[in-house]
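Naming follows writing order (A, B, C and D), and every chain is counted from residue 1.
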Amino acid sequence: MKWGMAVDLDRCDGCAACVTACHAENNISTVGADQASRGRAKHWIRVERYWEGEFPDVRLKFRPVMCQHCENAPCEPVCPTYASHHTADGLNAQVYNRCIGTRYCANACPYNVRFFDFFNPSWDKPLHLQLNPDVSLREVGVMEKCTFCVQRIKATTIQAKAEDRPVADGEIKPACAQACPAQALVFGDLDDPESAVSRLSRSSRGSKLLEDRGTKPAVTYLSRQS
Amino acid sequence: MDRRSFIKLTAVSGTSAALASCGNPENEIIRFVPDEDIMPGIATMKPGVCTLCASGCGLSVRMMMADADVVRNGQAGLVRIHAAKKLEGTAEHPVNHGGLCARGQAAVQVTYHPDRITQPLKRSGDRGQAKYDAISWDDAIAELVSRLDALAMAGNQKSLAFLTRHRRSHRAALVDRFLAAYGAPGAVAYELFHDDVLRRANALSFGREQLPTFDLPNARYVLSFGADFLGTWNSPTSQGHGYGLMRQGRPGIRGLFVQVESRMTQTGANADQWVPVKPGTEGVLALGLAHVIVAGKLRPASGGGRAGALIDGWSSGLGSFAPEQVETITGVAAARVERLARELAELSPSVAIVGGAPLAQSNGLFTALAVNALNSLLGSVERPGGVFFTPQINLASTAKGLSGKATASLPLDKIAAGILDGSSVPQVLLLDGANPVHAAPKGWRVREALEKVPYIVSFGQFLDETAALSDLILPDHSFLETWAEALPESGSLSAVASVAPAAMMPLHQTRGTEDLLLDVGRRLAKPLNLPWENFEALLTESVSALPTTSTFDTWTEAQEKGGWWGTLPAALTTPAAPAAQIRPFAYLEPQFDGDAGQFPLHFLPYASSAFLDGSLAHLPWLQEMPDPLTSAMWSSWIEINPTTAAKLGIRDGDIVEVASSQGTLRTAVIVSPGIAPDLVAMPAGQGHQTFTRYASGRGENPVELLAPVTEAETGSLAWAATRVRVTRVGDPDGRLILFAGGSREEEGHR
Amino acid sequence: MSAVPSPSHGQINTDLLRPLLKTSWKFFAVVVVLGGIVVAALLAWLSQMFFGFGISGIRWPVYWGFYVTSFVFWIGISHAGTLISAILRLVDAGWRRPVTRCAEVITVFALMIGAMFPIIHLGRPWLAFWLFPYPSERLIWPNFRSPLVWDFFAINTYLTGSVLFLFLPMIPDFAVVRDKSTGLRRRIYTLLAVGWRGTPKQWHRLESAMAIMAIAIVPVAVSVHTIVSFDFSMAPVPMWQSTIFGPYFVAGAIFSGIAGLLIAMAILRRVLHLERYLHPIHFENLGKLLLVMALLWGYFVFNERLVTYYGNEPSEMAVFWRTQRESFAPLYWTMVFGNFVLPLVIMGIKRFRTITGCVIASLGVIVGMWLERFLIIVPSLGHKYLPYSYGIYRPQPVEIIIAGATFAAMALLYVLFVKIVPIISIWELKAGDHQPPDGSHPVAEKRSLREVEG
Amino acid sequence: MPLVGTVFARLCLILILTLAGGLGCRVFERNVPAPAAAHLLPGQTADVFTTARPTFAAALNDFLGRHPVVVEQPFEFPHLTHAGREIACTEYCHESVSEGPVAGLPSVRTCMSCHRTVATNRPRIRQITQMREEGRDFAWKRVFGYPAQSHVRFNHAPHIRAKVECSTCHGNIASQRTAQRNVDMTMGFCVNCHRERKAPDDCLTCHF
């Protein structure tokens, strides 16, 4: 079991549905304009956009970037308390209660996908009724980041175990993948060569983000064809 | 200190409520008996329908237990409720196929919004002061009824007006029926980014007065004229799904996509070819393509059929649209016109799409007709990979009681004018969702007009600028708390009726507007003939009439699936209108407000990816969602071409004054390569005064600059036909909040 | 050694013990002022904990700023004393005698201050003890792969070593004070003097202990700043992943250390009227050392820059140009001026190698070295690989106050120290005067001590 | 006495310095306060939900893992009596324990499902009957639970399936009147059991 994701940039149209879906699923608090202007906005997944060329021959490329759950993650060795560590099924775990907030992991992360809670998150009531009880609320001073929706992985695997069956391919969908209208994000088990994500990851269009950093990400990007 | 740190302060010093769920000692919290038995910690999925836009996407709502603060008989306490936690797309729904756009994801915050109106309110202060007192439902309804009775007594039923947004749904039908029964003109639908022009064009070209549906999954070549169909236009989720399949859904085949527009939209960003064109000349380009195709004998001119016949000079081979002329008019190189035309003709099935800015010009209808003709010529109408029209359920035949439409009403600008010159002042105005005070051009003077209306009732859940003028507020349920339904006019090849029962119990003392209208209809001195106990009865009748596709009866099945979809018997389908005999249309130069000398730049407001026309600016998730192209959060801005900016001495982030003949506003600049030098663009949606704590006093409203230019044929607002002047007034002052640092990958490679 | 005739031993005692025995109101005033600033910083830190870390300027993606800069800076300063005095002891440079102690004191205090910052900059400082390897029912230990844990051990070792290194040679002087003073003070110093009688045995033990410490402390000192440099060079951040960081940091550390020492000495000389003991020659010698280090530092910087430039790795070049000629250029060139040009000119020309000259050059170096740390940390973090995630760091009041107050804290500790311990090693000074031909110290020491007691 | 005077003067100066310094961090904030809701409409809330502990004491107790020894419940529920009558805990009152993460604390509705008919004349039953009529529910105080800061996502169901006795973690509730925390559920407690039973002991098993 090794969880991974494939992002088809040829399908992604940059609609940012994944961004909001992630907020809705993972109890990511909105920080408000003041804090956002000071770089405290938290977006576990972001749609990066890059301009190319000048008018009129201008192009724009989108690239959704979330935690790459690197097999060789730079954030893991630097954490003095093991708050950031790798699990057997290939997840790059962030253990909030063990995090003391050195923010070293975020510095070491080449993708800048780790976010720090600068204040105790808060919700104007009754917005808090929406909070997902399966995801813990991070408090001030801890790091948080994309978990591949570990709560969904847990729930499904526990259910499958109860029914004494293997987890079917595509049964687990992180919020971003589930929301994506164009189905650009595909999640699954990379150890199963037949799973959709494995097949996509083997695609000739496939490449890893910042491959030369040697981080061995679990996320494969399928290049856009134009 | 900013709000959140203040909250932390209060929280730590013990003035905030204890965290009910985290094992803290709860000091003397009062609990009330829940209204339903709830399995704690276990999620159940319930069907739903997203009503934030007209697409009518199917939802599956994740429900779990939560502790809600409530006040019962004067005592504050907690009660367990079954709360919606997350909205997902319904996998088998023919519109969204399991996907859901960013706005749909944020829709859940509508229900839990802290600034929702929780109970009926009666104005206590002056108009526009937004001072209200609580009032009981009975009193509120009684007051409305008495007003309506008074009108009826005076035989003045005509002077009841109903202002709403354009929706196709049983609700809309019920409203129309209510008005008809009462004897009032039909509901006035107003939206800034309307599609009236396209509907009219489709009615003329194809006899279908509705938005088109595109079979993108089977298309090999898509040519879009300014339509942001992946972002904000028509049925984005459905089109996004189709787009994914068009690109990578078919082994060996990858559909190509060309976007024609003068400011790069999120959709245009995905195009293989991006073709900038002079505003208002898109129709010419379409006909230029048609000309090449016909001249090149790639398709017979006769293929144009009914749609072609509407174009002046079609039969004679469009001689006046030779590539050279097209180049001079549109600014697209003749060679490129040739190439595009050949690609269109050869890479079939190909389809042309038009929407948005091109139709918001004084010659919008012509542009739409031209593209329709092009589609006909390509033979892509009602053909796989082409343009379709979702079969529309004829409610008059599914629910007999709904037959008999109200007389058509005047458009909003005419009504406003009528009020201002005193010729026809509605005595009672019912408001349902529309917010023209924020979204209509200053020139129409909607605010002044509405202030003259003696009595305004709002059904809205929020106190937006228009609702703030109302005398009585009868807050509606959120779409999760009541029957949510829609009759999508596009986005699906098969007929659809999205219907879902309430997912959760109402959070506040609100009431479903549909039931309210039925109730009012009954309570009138001369009761209206509305043969339904409640809205559910209406839905039951209407949906049950549809053919069942399983062993269950249609109604039960629909409630479980979150809607009905399938093949619609001819008897229940709205028939296509016969061809109207009218003179063909010729190209007319687009007319712009403000002379080119004084106002050198075209001004293009566009639907924000987050807020559309601004009706969603109150949702914090959307406020903090980085804009796909600029990464801006919580702000508004104008986009301007680098060369133009350099000419005007403007740098990224500077504060500028944008002036039109209608007024001026100050906002920050984003220098963007994706926009024509003679154009500035600004997202709509911000600049609210009284629209919840999240949107109020934030950013600027581009509508304030819009001149009341109308489309010549339809008389609808041409919102892209204003010219402006931009002058630098200051250095960056932090009002523009960007999430991204760099915008070009090369920046990392110097 | 020195040109000026050295004072008599009685004179030495009165001179060097004066600050201990007499207290003017000025002392209190200084303590109160400095103390106030320190308290202010403490309050600032509390408010940061209370309101949340967000009141600092730290942001995504620049997660380290002033705090870590100050950390590296102060650890660097700490290389002033122990290393210098140890080396000078080993080579038995006679002129060191008046200098060593005030150098070692700098070490200890700078370390204490520096070591606070890893805790101050934590998101949840109250959990800092998790860095300490203690057995718990959780069965979790610190992550020994993390450079921060190495820091923890390195700094602790160095601190312990330096404290010993400082304390050992103080024992005889405590004895002197003990014998000179009465009442409570006498009792305190009796404790501090740990039963020193000045017997040959004790002298011998002291000497050998000093010799061992001197040898042992050098590698520790070198390792400490190497490890601090690992905090950066172990993370895949542009311009951080450099093999040169180890020596680069150590050199910079000694560099800033000498500068700190020079300033401290100059102040002591003026305030405590130690003109008779701290001769221009001391300043000149240290100044020469400063010159050498300036050249060495220059070499390292040139080396680092050249290699980056030649390597031409895109993401590194982005940061390179950012510091070289874009937003951070002013700071960068200030650093080069303060760290290289200034010391080179002033220390290079004999005429300028005066006390004032030294102080000016040292101030330049202090500023320069602080900027160097800052320029290593911030530009790289704000400019990592994906341009979309670039960010600009703006320090906020809380950070500025805390970073600034560390200098007050240093001064405060120094003032208090000078109050309780003779800042110049009395016995070493005396021993210095009579270099016996065979150079066997204990004899000399004994004699000197007898004189002290007599 | 000039000395005292100057010292005093300086002390005052310091006080000002200190305050300025400490408060400065707030006062000199670049960003202005966010505008609150213009003015609250009737029934509209300005209340805020945060992850912060309600009081310093609560925070300290959480930090030290201290729990109240005796939990005073608003209503004294005799487990003893019910267990004695062979009423399985998970059958009626904590029914969701085998399906989901939480066992659930019963509401008055649950009680009344039996006590509408059973032992209706008992004073305590009368009490809950009255509560039911008034629409009041029990505000149970959590006996077994984790502080938010420990971020434990405990799921009962798999433990039930793994045949872990309730009493392993909850002690012999059946012998108590009101439930009391008689097992100290420290992390060590969990980890040891997991290791013995070869259950996963990665942090992410419980903390996410």
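Operating definition for what follows: a contact is a pair of C-beta atoms (placed from the backbone, for glycine too) under 8 Å apart; a residue touches a chain by one contact, two chains touch by 3 or more.
Being a predicted model, the structure only gives us computed values, none of them experimental.
Of all chains in the assembly, those touching subunit A and also subunit B are C, D.
Here the chain at the heart of the structure, going by C-alpha means, is A.
When chain pairs are compared by contacting C-beta pairs, A-B ranks highest. With centres defined by CA atoms alone, the chain at the far end from subunit C is B. Taking the mean of the C-alpha atoms as each chain's centre, subunit A and subunit D sit 30 Å apart.
If each chain is reduced to the centroid of its CA atoms, subunit B and subunit D end up 44 Å from each other. Spacing of subunit C relative to subunit D, judged by their CA centroids, is 49 angstrom.
For subunit C, the set of residues that touch two or more other chains comprises 51-52, 54-55, 385-389, 391. In subunit A, the residues that touch at least two other chains are 32-35, 37-38, 41, 46, 48-50, 82, 98, 119-120, 122, 124-128, 134, 140.
Residues of subunit D in contact with at least two other chains: 26, 29-32, 34, 45-52, 101, 148. Taken together, the touching pairs cover every possible pairing of the chains.
Those residues of subunit B that touch subunit D in the complex are listed here as 1-3, 5-8, 10-14, 16-19, 21-26, 28-34, 37, 39-42, 69, 71-72, 78-80, 114-119, 121, 130-134, 463, 508-509, 690, 692-693, 696-697. Those residues of subunit C whose C-beta lies close enough to touch subunit A in the complex are 51-54, 57-64, 118, 121-125, 127-128, 130-131, 140, 142-143, 145-149, 152, 231, 234-237, 381, 384-389, 391. On the subunit D side of its complex with subunit B, the touching residues are 26, 29, 31-39, 41-56, 58-59, 62, 68, 95-96, 99-105, 107-109, 131-132, 135-139, 141-142, 145-148.
Subunit C meets subunit D in the complex at residues 25, 28-29, 32-33, 35-37, 39-44, 46-48, 51, 55, 126, 136-139, 394, 396-398, 401, 405. Put simply, subunit B touches subunit A in their complex at residues 2-5, 7-8, 11, 21, 41, 43, 64-66, 68-69, 81, 83-89, 96-106, 108-109, 112-114, 230-231, 236-238, 240-241, 243-244, 247-248, 254, 256, 264, 266-270, 272, 274, 276, 507, 609, 620-626, 628-629, 631, 633-635, 641-643, 672-677, 693, 698, 734, 737, 739-740, 743-745.
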